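One chain, subunit A, appears in both complexes that follow, with subunit B as partner in the first and subunit C in the second.
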Partner chain A sequence: MNVKKYLSKATIHFLIIVYIVFLLFPLVWVVSSSLKSTPEIYSGSPTILPQQITFDHYISVIEGQQVFLTMWNSVIVGIVSTILVLLIAVPSAYAMVRYKSIINSGILGWILVSQIFPVILVMIPLYVLLRYMGLTDSLVGLTLIYVVWSLPFVLWMMHGYVKSIPIELEEAAVIDGANRAQVIFKVLMPLLLPAIGASALFAFISAWNEFFFAFVLMKSPALATLQVELARYTGMEGQARTGPLAAASVIATIPSIILFVFMRKWLTTGLVSGALKG
Partner chain B sequence: MKRNLIILFFFVIVSVVIFLMTREEKEKKNLPLRFVSLAWQERSIATNLSIVKEWNDQHPDLQVEYIQGTWNSAHDYLITAFETGDVPDIFHYESSVIIDYAMRGYLTDLAPYITTEMKNDILDVAWATVTRPNGEVGGIPFLIESLVVLYNKSLFDEAGIVPPTIEKPWTWDDLRKAAITLTKDTDGNNVIDQYGAGIGLRNSANIIMNTSISFGGSFFRKEGDHFIVKVKDEEKKLLQTIVDMIYKDKSVSPASIGESGAGMIPGFFSGKYAMLVGIGSWGRQQLVENAPKDFKWGVMPPLKAKTQMYGVSTQTLSIPKKSKRTKEAMMYIDYMLSSTNTARLALDDWMIPSRKSCLEMPEFKDTIGSWDITCSAVNTLGVGSWLGAPGYVEWKSRVANPVLQELFAGRLTVDEAAKRIERESNIVLSRYKKRGEVW
Partner chain C sequence: MDFIKKKKHTLYSKKEIGQIQLLFPVILLVSVFSLFPLLRGIYLGFTDYRLGDAISFNGFDNYAQLFNDEYFWDSFKIGMIWTFIVTALQVSLGLGLALLLNNKIKFVALYTVLILIPWATPPIIRGILWRQMYEPNAGAVNILLTDLGLITAPINWLTSFEYVIPAVIVAGVWGEISKAAIFLLAGLQTISNDLYEASKIDGAGLWDQFWHITLPVLKPVLAAIVSLTFMWNFNTFGIIWVLTQGGPGGMTRLPMLAAYEEGFRYGYIGYAAAIGNVMVIILSLMLFMYIRVQLRERKES
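Now for the complex of A and B:
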């Protein structure tokens, strides 16, 4: 029995290790390529680790193009759009779940349908609208687009989470003398923290990775976002400046990693506090 | 109270919108000319920026703003710009796409703005890539893209093969023979580890179309006022030659099927392929900057089939019809594409300059970097009959590339591929015919 248990545990660990290697390999490859000299990248006999470490690509990225400025733009747009999305989505989802009305299912259906439209189809009317409002080539305009773009999905996510919380918890709090605000902020919010965390992560990553809107809407080089900047390392017929692209990509992943580490802690805290208070 | 709040809310919204709109109107008056460049190599970007800076220093009242575009998204970016009217004043692209834009009415006809000096100095074959039959010019061609064959000098010396010269070019049969000789199992494990040639066949329509001219083919034929696609014996001969080299001679690496020309370069450096066939002349830049120190290479003159004539495409600067400052934009183009600046751009992008005066410069006759042989190809460049065929860009990606991919992967015979290309091509082209777009 013990042997069987041991074997099963060992298999699980082995599979986890294989999975981790599978997930980490692209990252290791990018980091390794960013530290190789260009002739080594093109050597035709690739190695996982660089034979000779060089920081030339990092220096070229930092000196030559605006990687930090574009990263800053991405961070600003990502954070502001995430906050706005949550500010709209959380109360909307709560209202849709708790205040039944005949239009609720229609609204939910429409939200789902709105996800079907491809970007290129909505780009031109959206652009015309933003230009009319003077919001093309503006981080405000881009932020609004990201809010509109990720709101339906976040609303769907939050709708599901709010629905899964039993209304009896709120009723119990009301019986104990809590008012509506106390019900929402002291009972519901702790339970929703993991959902808010997951939704925030989704909204931020959607904005962080988005390329096409940023590329078309932002004309001024000073307003470009990180994804647009990274695309500029690629050229005709699938060519790329591999070394600088890898170095810029490594720099670009740092804020995402920091955010994930921060969010992971927050997610766990939210989960635990929700469980205790519920 | 509630009513007052609603009125206040709308008042704030309207004020913000009016403020934003008037701000835009004020700013428009002093906006610089917007130039979208697709330069992407480090040196080329530096040269573009430096030309813009020189212009801005000399023209304080007419500044140019450099906007870095990307090849992968340029089409979507430009179409959105054309449709919304928020266009750049000048943009960099390539002839095969801008002729499509010209037909759709997106571009300013530059013919009235071209100076005699520029008109006479740019090669006729380059002008032919951007000029419609009615004389309308969609862009100014400044760099010529041509296909070259690169070879590894050390492997040639080792095998005792004498490379061709401008005076004595190779035929495709010569190339096949050399490729067979150079294909080797160097370590005796019954696996070929040195192929005679590598050909980037992942998206091969470009190579096949441009090379088909030398076989006397063209795929596209004009029938009345519209185009049809026919795959005749000439085109089939080219396709069969490549298929035979992969499967019969086994002298072309099977890795070619899924790789781009650029993707074959590391294998070329490591001696896996003795020749790289049909790579753009820009590939030389990778060799100069990234090849191992002891790596010796050369460029072959165009291969001869029936002729040495190859299809050409050019990189261009155009002005959208919706740009409100055509004259100013053309002044900048004149400056940027002066003989001296065109030479700078060509040298840094490792492409052939379109100006005759540049080709006379010693830099373009240099044996270092094989500029002499590369530039000699201007005498054997021709314009494919597909130029101006409505739907050509879609045809390349939807029909030619996928069918050719299947052919070279061994899933179709040449005859089957020919039939599929004809059938599927004419479905695509008939859609464009219905729209009434005419070259």
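Now for the complex of A and C:
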């Protein structure tokens, strides 16, 4: 709908900017706090922008090391789970599209049904299972959970993308004498690369942002993820903590924002096309 | 759905064992870490299991106990209030934003990137941002309201019985508007402009167009967003945990927080699983009713 014909351009810009001010203000406020000195934060009449910029809080976060240690844990778990989920999902999506059988409907049906169940119901027996396997409070266990956690959506996305590739392309390659491996690596991979990129970003961000599983599973401070570490700070947030916590939050948010901006083109494709077809 | 449609192609005409091999990891992982835990979770809801103890089936005892559990009813009530209000605000504000962004005006690309930012912010950080906004003495909210002359003494938003619910709702909606807006914008972009041109010739106004073209065409996307956000919001944990840990006095103890505390703080695994089961039933009922209304409307029109 073109609102433009009824509202002036200026009004549209104005309304969008009202939204943006609301949506960005909390972040601006915290970025600003992270750059203010502690006395300025509690001066009684703080301003939106810092009167004097100081990097003390960032320095104290970096020197404290714990934030960087946990950030490193998050990066490792994120990258490993992303690679694993792609190794599993890409061939599976291909198999599901090209060889049609009852298993496919089973898997796709499961992906949808599993969305209804609250995490707590999965978490309880999973915790018991992982404890039995000795994988609670272990980055291996957490990585495994994140693979299973992002698998349904990645599989759903990849399934859609593989389906959009005409089978005639592959048949033509076979007629030209290509074997199965060549069909996959020379014909399919180049076409699927953007979809794989989008899935990778999605899987990484899911792991980076996830809190509940990590919170329940990871008990040693040295093995915590960044989200767990930051949540722990809020429990004991005193006056002096506002600045460092603001700085740590800014550091933790930057990777997510960068990755989101990269994958925004693909964010909607899966859900919207799914909704329109279903 | 179209994946069931059968297509005969020469290259893949014969069934190959390859499919099972390729699907094996998915089937294994899903069975062991998703299907099994879920079924097991449902079962544990009918036991009195505590971590380390033997499991014994106790039928509907947990549910009888839940029925008389005041804390559970409070948590259920606040869960419903939270889910309905956050979903309604998120979808309607998101739709408004999507309609504004769906115009050929300058800076739309820049606006879209800026709007993504709250969505990109992890739930825990959203909680931290709003804790700092609501900070009684140095938070932006109190300073702003004092400057505007709306309040005279600072309000302790997150510990006040009166204000805590609106305060957490604002924080919750803030982080979720972008998601709804971006999905709805993608839906809006599928609507052909010819429809609007034609209706304009027929003399339709802005409201007519919205009501008779945009809404009906957008309905499948809107229905998907409403159901998904409803489920996600009903299962909220992280942001509330950081903002209030369920306080003050359990006023913001959403069902997920209640289940977490029963299961992992006090060790009543069976009871926590029972809360999980009740949540599944409630969500399924809600979705069922919603889908029925949707289908009936589709039939009528």
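Observations
Throughout what follows, the second predicted complex is superposed on the first by the 204 of 278 C-alpha atoms of A that agree within 3 Å, B and C clash if a C-alpha of one lies under 4 Å from a C-alpha of the other, contacts with A are read in each partner's own complex, and residues count from 1 in each chain.
Quick note on the criterion: contacts are C-beta pairs under 8 Å (C-beta built on N, C-alpha and C of every residue); 3 or more make two chains touch, one makes a residue touch a chain.
A quick note: this is a predicted structure, and the numbers were derived from the prediction, not measured.
In the superposed pair of complexes, A:K219 makes contact with subunit B only, with no contact to subunit C. Using the contact criterion defined above for the overlaid structures, shared-chain residue A:R241 touches subunit B, although it does not reach subunit C. In the overlay built on the shared chain, the residue A:L201 is in contact with neither subunit B nor subunit C. In the superposition on chain A, A:T253 contacts subunit C only, with no contact to subunit B. Within the superposed three-chain model, A:M71 lies out of touch with both subunit B and subunit C [touch as defined at top].
In the superposition on chain A, A:S60 contacts subunit B only, with no contact to subunit C.
Applying the stated contact rule after C-alpha superposition, one finds that A:M133 touches subunit B and leaves subunit C untouched. For subunit A, the partner that touches more of its residues is C, with subunit B and subunit C as the two candidates.
When both complexes are overlaid on chain A, the residue A:Y42 reaches subunit B and subunit C alike. After overlaying the two complexes on the shared chain, residue contacts for A:A231 are found with subunit B and with subunit C alike. Shared contact residues of subunit A with subunit B and subunit C: 41-42, 44-46, 120, 123-124, 127-128, 211-212, 215-216, 231, 233-235, 237.
Of all residues in subunit A, those touching subunit B in their complex are 38-39, 41-46, 60, 64, 120, 123-124, 127-128, 131-136, 211-212, 215-216, 219-221, 224, 228, 231-239, 241, 244. Interface residues of subunit B facing subunit A in the complex, by the touch rule stated above, are 17, 20-21, 23-24, 34, 40-42, 65-68, 70-73, 76-77, 80-81, 83-84, 86, 88, 200, 202-203, 260-263, 265-272, 280, 282, 286, 289-292.
The touching residues of subunit C, when paired with subunit A in their complex, are 1-4, 6-7, 9-12, 15-16, 18-20, 22-23, 25-27, 29-30, 32-38, 40-42, 44-45, 51, 93, 96-97, 99-107, 111-125, 127-133, 135, 137-138, 140, 143, 174, 177-178, 182-183, 185-188, 190-191, 193, 196, 200, 205-206, 209-210, 213-214, 220-221, 223-224, 228, 231, 234-235, 237-238, 241-242, 245, 255-256, 259-260, 263-264, 269, 272-273, 275-277, 279-280, 283-284, 287. Chain contact summary for the complex, subunit A toward subunit C: residues 1-6, 9, 12-13, 15-16, 19-20, 22-27, 29-30, 33, 41-42, 44-46, 48, 88-89, 91-92, 94-101, 103-105, 107-108, 110, 114-129, 144-145, 147-148, 151, 155, 159, 163, 167, 170-171, 174, 205, 208-209, 211-212, 215-216, 227, 230-231, 233-235, 237, 242, 245-246, 249, 252-253, 256-257, 259-261, 264, 267-269, 271-272, 274-278.
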